[in-house]
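Sharing a structure here in C-alpha cells format.
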C-alpha cells in the first residue's frame, strides 16, 4: 500500500514545488481545523478538568445554526446572501454558548468532583443532542449554501490553487486563538478563571463567584466549539452524528498537547495535522489515519503528561 | 563516602521544581535507633525531604543511601521493602475498611499480585495484628471502619500500619497534629517504645513535644540545613531564632 | 468447602443472589421465552461478560476503560476466524476463483490463506487465543500506562482512541479481516451446525454457565486480600504504594482479567449470533457496555448482569415500537444513572433492604454523602 | 412516512390508474379465489384478508440518511398495491423494523421478522454490510428479501431479489461511454473504504486495463466519514488523470466535492464520473458543487417517460414537493411490485414458489422503464449517464440497451 506519487511520473520542478506548497497548505488548513476543534475543549477539559464528550455535538449545533441562517437568508433576504455567513458565525457562537451555560447549570456543576461520571453523563447528553438534531433537522446531512466568494480558489502561479475557504478557516482559528489568549491572560475575567482553576476555595474566599466563573468558562468553551462547527460547514456537511466523528481526534489533540496548556494544544494540533496530511499523501487513506492515531497513542503511553505538561494537574 | 555505619546517609540532595530549589544540596545522616526531629518554618522543604527518601518525589541530584544501598530511582514499594516506612501529614488510612483490615493490608508478606490471591488470615497474622493494635491503643476498635476513628486514632492507626511492616526506619510527618494533650502523651510514649529497635525521622512543629522526644534536631530553612544538634543547642542558636523561633 | 462457600459464593446473602440468578437464567427465561427471544438473551449475556469485567475494573479498582469493546471484538474475531475457515471448505466455496479461502479474501484478490489465519485452523488454538489475545493486549497497554501512573480520564480517553484505531484498522484491511462487513455466514463448529434451534439452546446454557463461572471467579478475587487492596487503592493509592505494594501491577492484573472475560464474551457472541463485525469493536459499543455496568451498579457483579439484561431488553423493545425515542431514553439513562442512582439497580435494591444489610449499603454509597454518616452513626459501623 | 391524508390517497389511486394502464393486465384478484390454505402452506402470516410483509431499514443512526428514501418508496408502492386491491385480494400489512445502522441489530431484526412475525417477504437493507449480516438468516429461515441498493455483486441467493444493479451493470457501460466521449486513457480510482467501492474499483480497473487499454494512475480508499481530502486532491493534481472515478459515500461525499471545487478542480477542467452520487446525495452536496460532473445510474429523477412522471408525482404528493428520488429509492419502489407479481404468477405466498416463479417476470410499469428478472435474481436493466445541473437534477446524456446482470463476471476477479 506504499505508493510515492512523486516517483510515478516525471514532472517539472515547477509542478513538484507547487505540489509541496499545496501539500503544506493542506496540512496547515487541517491544522487550523484541529485547532478550532481543540480550543474549546482545551478550555473545558484543560482549565476545568471536565470531560465533555458532547463537545462534538456542540460543534454540530454551531454548524446547524449556520445552516439555519442560510435557510432564513435564502428565503427572506436573498440579497443578503453574500454576507450572512459572518453573522451566522456570531449566531452559532451565542447559541452554543447559551446551551453550554444551560448544560453547566443543569448537569455539569453537580459533577465537578467526579470527572469519570461527567464523562458518562456528557456521553448521554451527546446521544440526546444527536437524536434532537435528527428530529429537528432530519437524518439527511445538510449543507448551507455558501457565499460564492468562499468557494473559489486563487492562484499565485498557474499551477498553485489555494482554496479560499481554507484560508478563511485559518484566519478564523488564528483570530479565535488570539482572542482566547488575550481574554485568558489579559482580562480580569480571564484572571478569575485561571485563579478558580488554581485554587477554587481560595478564589471564592477572595470574593470570586467561582460557580459563575465555571458556568462562564464552560459556556465560552462551548461557544468556541460552535464557531468551529460553523467553520466546518465550509469544508464538510453536517449530519446528526457529525460531532461524534470528531470527538476522539479532538480529545487526542488536547491530551497530546498536555491538558490545560494553550501552547501545547496549538503545537500538538500542528504536529498531528502535518503528520496526518503527510502520511495520507504517502500512505493510503485509511491506513494514513490509523498510522497517525497509533503514533499519538504510543507517544502518549511513553509520555502520558503530553508535550507540555500543565502546572495544575486536573 | 561509599561505606557508612549510618542507617541513612543523604548527600548533596537537590530537587528543583521549574528552577525553584525546594531542597538544595542537603546533607543529613541518621544513626541506627536514633530519633531525629526535623523542624523548620513552612516551605523549608521538610516534607519534600521525606518525599524524596520514600521515592514519592524524584531528586534532581545527590544521593540517598539507606543501609548503604542507593534509594534514588528505586520503585516506592521496593524502598518500603528495604525497610523504610512513611506516614503522611494528613492521616492517610483506608476509610472504608475496618481497623483490622487496615492493619492486615500492611502485613509485609504476600504483597505480590498472586501473593494477595493466595494470602490467608493465619493465626500468626491475627496475633501480630492484635499485638500492634494493642501498642497503638486501638485493641477495642478492631472492627470499626477507619472512617469513624477520631483524628488522633487515625494518626495512631497509620503509625500502626507502618509498625506492621516492622521497618528499620520510620518517617512521621507531624504525627501529633490535631491531637489532644492526653493523646500527645500517649503518642510520646508510643514513639519512645517503638524507637528502641529502629530509627525514626519526625517532622514536627510542636516545640515542647519535640523537646520531649528528640535525640537530635535538624533545622531546615529554604531547603538547606540551618543548624543541627540537641534541642538545647538549637534553642540557643540565634540564626535559628531569627528565621524561626524569632517570630 | 466452607471457605468456598464464604469466599466464592460470598456467604449466605451472596449465594442466594447467585442462586436466584441461576434460576432465572437456567429455568425461568428458557421456559418463558421463545427460541428467538432466548437467543437474544443469550446475545445480551455475552455483553454481560464485559460488564462483569468492568465491575472489577471500574467499580472496584476505579479504572474506567472505554475500550472494552476491543477485547470483546478480539475474542470474537479469534472465534470467528476458526468458524469461517471451517465454513469455507473447498466445496462450499467452489464458485470462488480461489476455492477454500474465506469468501471476502477471494473478493479482495487474495489467492492463498494469510499466515495470520493459518493457526486458526485448529480449534484448541482458537479457543486459547480467545482468552489469551485480549489478555496479552491488555497486558501491554496496561503495563505501559499504569506503570506511568496514567489513570482516570486520560486512561479512558486513550483506551477510547485504541478502540477507534482497532475498528479503523479492521476496516482498512478487508482482505485480512472482512473489513466493514466483518466475518459473516458462520455455520458449523466441528461439523455441528450452530444455527439450529437445538444448538442455540445448548450455546445459551453454555453461555449462562460460563457467565456464572466468571461471576464466581470475580467474587473469589474480591474476597481475597486483593479485593480489600483494590478498595484501598481506590481510596488512598499512595498509602497502598507506601505499604509496599506495586500498585501498577495490580491494575494490570485486573485489566487483564477483565479483558479475558470480555474475550470469552466475544467468542460466545460469535457462536450465538453467527458473525462478528467492526461495529462491535468501536467506540459506541465500548461505552455502551460501560452503561450496562453502571445501570446494574458499578460495584455489583450480579448487578452487571441485570443491568445488561434490562438495558438491552429495553433497547430491543423500544426500537421495535418507536426507534426515535430510544436514543433519548438511552441518553437519559446515562445521565440519570450518573446523577441520581450512582449505584444503579444494586444501589436501589440495597437501600430497600438496607435495614438488614447496612454494611453493604455503606460500601455501596459514595463515601462523602451525609447518608452514610447517619447510617453509620446509628450502627456504629458494626457489621 | 405513514399513510397520509385522504387527498394523497386519492392521488395514489389516480396514479395507480396510470401505472395499471402501463403494466400488463393485472386486473384486481379476489381473495375468495385463493383460499389461504392453498396459497400459504408454510405458515406465513397470511389471512383471508391480509398478508404481512416486513420492512427492515435504518430509521436511526448514520445510515438513516440514505435509507429514508427507500422506506418511503416501499411504503408508497405498498399503498398503491393495496389501493388496487392488494395481493391475491389480500391487503398488505407492514411491520417496520429499525436496523439502527448496526449490523448485529439488522441480523436480530431479520430473525424477528422471519421467526416471530412470519412475514411473507421483507423489503430492506441498504449497505452491503447489513445485507451480509442478514443473508444467513434469510437462507436459514427461508425468507424472501428484496434488496434495493446497487451493490458489488459476487452474490446470488435463492432468498434475495436484487432490485438494484450489480457492479458490472453499473460500471462497464459507463466506462465505455466516458472512454469514447472523452477519449479518456488515464483514470484515478477513489472510494470509501468498504467492500462495494473496493470491488467496484477492482472491476473498473480490470475493464480499464484489459478492455479500454487505459491506465489506472491511482487507487485510494478513505474511511467512511472522512472529511479531509486535501492530500488526495494534491495527488490528483499531480497525476492529472483524464477521469476521476469516484465511489465515495455518505458524509464524505460533501467534503470531497466541496474541497474539489475549492481546489479549482471543476467540470470545465476535469472529467469526473461517479457511481455513488444520486439525487439524494446531491441534496447534501449541493448542486452548485457538482455542476458538470457525471453519474452512472440506471435511474434519474429527470427521466422522461409516463411511468416515471406518474411515480415522481405520486412520491411528491405523498412526501412533499421538496423530496427527491434517487436510483436506490426507485429500486426500492420496485420491490413490492416484483413481489406482488411473483406471488400472483406463483399463485402462492410460499417463498420457494415465489423464488422459482420470479425469474422471467417482466415489469413494464417501472419508473426506470422495462425491467426483467434474470434467473440469477437480478434485474435486466439499462445504464444511464447523467450530468449534474445546478438545480440538483441530472441531464441524461446516454442510455444503454438492457444489460444482463452478471454477479460473477468472468475475467473481472
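Per-chain numbering from 1; labels A, B, C and D assigned in written order.
Simple rule for what comes next: contacts are C-beta pairs under 8 Å (C-beta built on N, C-alpha and C of every residue); 3 or more make two chains touch, one makes a residue touch a chain.
Note that this is a predicted model, so its numbers are computed, not measured.
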Practice prompt. Please flag the chain sitting at the greatest distance from subunit A, going by CA centroids.
Written response: B
Fill in: Rounded Å distance, subunit A centre to subunit C centre (Cα mean)
33
Worksheet, complete the sentence: Per the C-alpha means, the centres of subunit B and subunit D lie apart by a whole-Å value of 76
Response to the item:
Distance in whole angstrom between the CA centres of subunit A and subunit D is 37
Practice prompt. Take the average of all CA coordinates in subunit A, do the same for subunit B, and state the distance between these two points in whole angstrom.
Written response: 49
Worksheet item: What are the residue numbers in subunit D that touch two or more other chains?
Response: 60, 193, 221, 223
Worksheet entry | Residue list for subunit A, restricted to those that touch at least two other chains | 131, 134, 284, 286, 289
Worksheet entry | Where subunit C touches two or more other chains, by residue | 168, 171-172, 324, 327
Worksheet item: Of all possible chain pairs, which ones touch?
Response: A-C, A-D, B-C, C-D
Fill in: subunit D-facing residues of subunit C, complex
34-36, 39-40, 43, 95, 97, 103-104, 106-109, 168, 171-172, 174, 179-182, 184-187, 195, 273-275, 277, 279-280, 316, 319-320, 323-324, 326-327
Worksheet item: Which of the residues in subunit D come into contact with subunit A in the complex?
Response: 60-62, 64-65, 68, 193, 217-218, 220-223, 225-228, 230-235, 237-239, 250-251, 253-255, 258-259, 261-264, 280, 283-286, 288-289
Worksheet item: In their shared complex, at which residues does subunit A touch subunit C?
Response: 45, 49, 51, 107, 110-111, 113-121, 123-128, 130-132, 134-135, 244, 248, 251-252, 255, 284, 286-287, 289-290, 293-294, 296-297, 300-302, 304
Worksheet entry | Contacting residues of subunit B [partner subunit C, same complex] | 54, 56, 75-77, 80-81, 85-86, 88, 92-98, 101, 104-106, 108, 110-113, 116-119, 143-145, 147-148, 158, 161, 165
Worksheet item: Where on subunit D is subunit C touching in the complex?
Response: 59-60, 97-98, 100, 102-105, 107-108, 111-112, 115-116, 127-129, 132-133, 135-136, 140, 152, 154, 193-195, 198-199, 202, 221, 223-224, 408, 413
